[in-house]
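Which chain is which? They are A, B and C, in the order written, and residues in each are numbered from 1.
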């Protein structure tokens, strides 16, 4: 079994006529329920539900409190390398974009690690583009072995791997896997990933599941909002999370809500996800999956992030550099995308403090 | 001849050969839907007449009774 | 569309499973089952007692019912498997309720042994309905090894205490795709309705019916309660406003945006 079966089944659905039939009574009925079915979830993503955002928000906030308390996990991304053989139309690191690529060597990684650790950050997300030549698993492993001296929690966001490779990295000290399908709609997927290994839809779709099988403690998935029709994309991402949650009870499943951001190149989104739509997606995720982690990155502007926090977010990134390195010696490199919230770790933890959240820098300690 | 029935040893008269049916009749049991396990094997009712009991055989004679929770 | 319960190869209209134990008089069994409109009836297999041979209980079960022999008396997976095979050989069909109890004080099921027995019998083609303490990981394992339904207990066997394990059973209903049949502990029709309202797919009731002053009327009462609970579940309990309206608005910032 793969999530692909479920995707194929629901892909037959006529979303437009479903959405047309949903009325406010349906939404109210769903809001009165304690536990939501897949159909209820889709109802919350409907146009009719957009009039109920406040009610949804109240419930989402309560549910989050119930399941997570007033805690917020803070993490920071570190790009190790920007070599990439793929041609994702929406990404600044695409092989089609000509710029000088770079990769941190172990000494540089250590410098970055020191600079980041000084900020008090314990949870690090390490990223690379897709290049088995420049960033092979052995390189990831060496980096992990080094970084784990500085960070008790390490997650990776790299090209999809085999189960055995994930296991190798877990043995080295990795605990979390982030991998976005980007777009669940298979046709659009093939369109925006014209070439390179990433054009293999299925291999990427099953990567989070391979991570679970390998024993990742956390898996973080998502749809890059803007690439496909957002209601459907959010629906599939939610189903995917539920599928993993149901099948792999040992893994904590998280969802991210990345929106397309400007970058080097000129790709235009297929559907515009405004702030209200983003809120609706977050709330629907929370109500459908009360115990899933919800992740918010610095792609969003500071003020919006502050407002989104109480709606169900459990993890945020801070002070992100989306170029290779960038913490030890900030410089003007090429970014994967532009970030919108550039407050530093201190400012963010103060803000969380003011809002009554307890900042969590790490989830657990490696023993 | 000694055989074990429902866990208890028993001395039975063999006579001209003792089949399962003969044994049940000697106990006044109607074949009905009694279930028989002979030396650990369930035997179908059709075969009861053909199976002759031998020394040291074991028989389990079972019956469906009321049950639930 | 008819609301039918699918288990194994059978489609059932009735969601009330009944038993044949503890009746003061076996002659009441057929009428009680009829009044309960039950289509799945369970019974046990025992060594014949030569001193007071009992009537075969199967003779009292209406012909059109699915027979669900249980493996009560089994203390290990092996014994349960053996009983199941015997029951099948005796012409009971291929349904079996796995019941492995090694604890003599509370009579709680041994989940580990139950999983083992379920795996073996499911492979042999049995329609296996295991009786377990409601535990999520156990239910997931049962799903994996091929159970046809999961039967969590509502309270210790025969205790008539109602749905003591409600929260645990609710988790099974939410997380397990297989039909959930609440077994044991249901003492009153209202408790059966409660289980059905919550989303259980069926309930098994024996003691409460068999030991009622009038089992036939009680069977009818349970049937009505199960149907009512099921209907309520399908209708979707009304939009209870569970959200508070007094708290400060969380989405006000969106309107500022638009204004």
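Everything below uses one rule, namely that a contact is a pair of C-beta atoms (placed from the backbone, for glycine too) under 8 Å apart; a residue touches a chain by one contact, two chains touch by 3 or more.
None of these values were measured; they are calculated from a predicted model.
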Chain of greatest Cα-centre distance to subunit A: B
Chain pair bearing the highest count of C-beta contacts: B-C
Between subunit A and subunit C, centroid-to-centroid distance (C-alpha), Å: 41
Between subunit C and subunit B, distance of the C-alpha-averaged centres to the nearest whole Å: 34
Centre-of-Cα separation between subunit B and subunit A, whole angstrom: 68
Residue numbers on subunit A that touch subunit C, as the complex places them: 25, 28-29, 31-35, 53-55, 57-59, 61-62, 246, 249, 275-276, 279, 303-304, 307, 310-311
Residue ranges of subunit C touching subunit A (in the complex, touch as defined): 136-137, 140, 174-175, 236-245, 247, 249-251, 253-254, 257
Subunit B - residues contacting subunit C, complex: 6-7, 27-29, 32-35, 37, 42, 44, 60-69
In the complex with subunit B, residue positions of subunit C that touch it: 18-23, 26, 29, 42-48, 50, 53-54, 56-59, 69-70, 72, 85-87, 89-92, 153, 157-158, 183-185, 204-207, 210
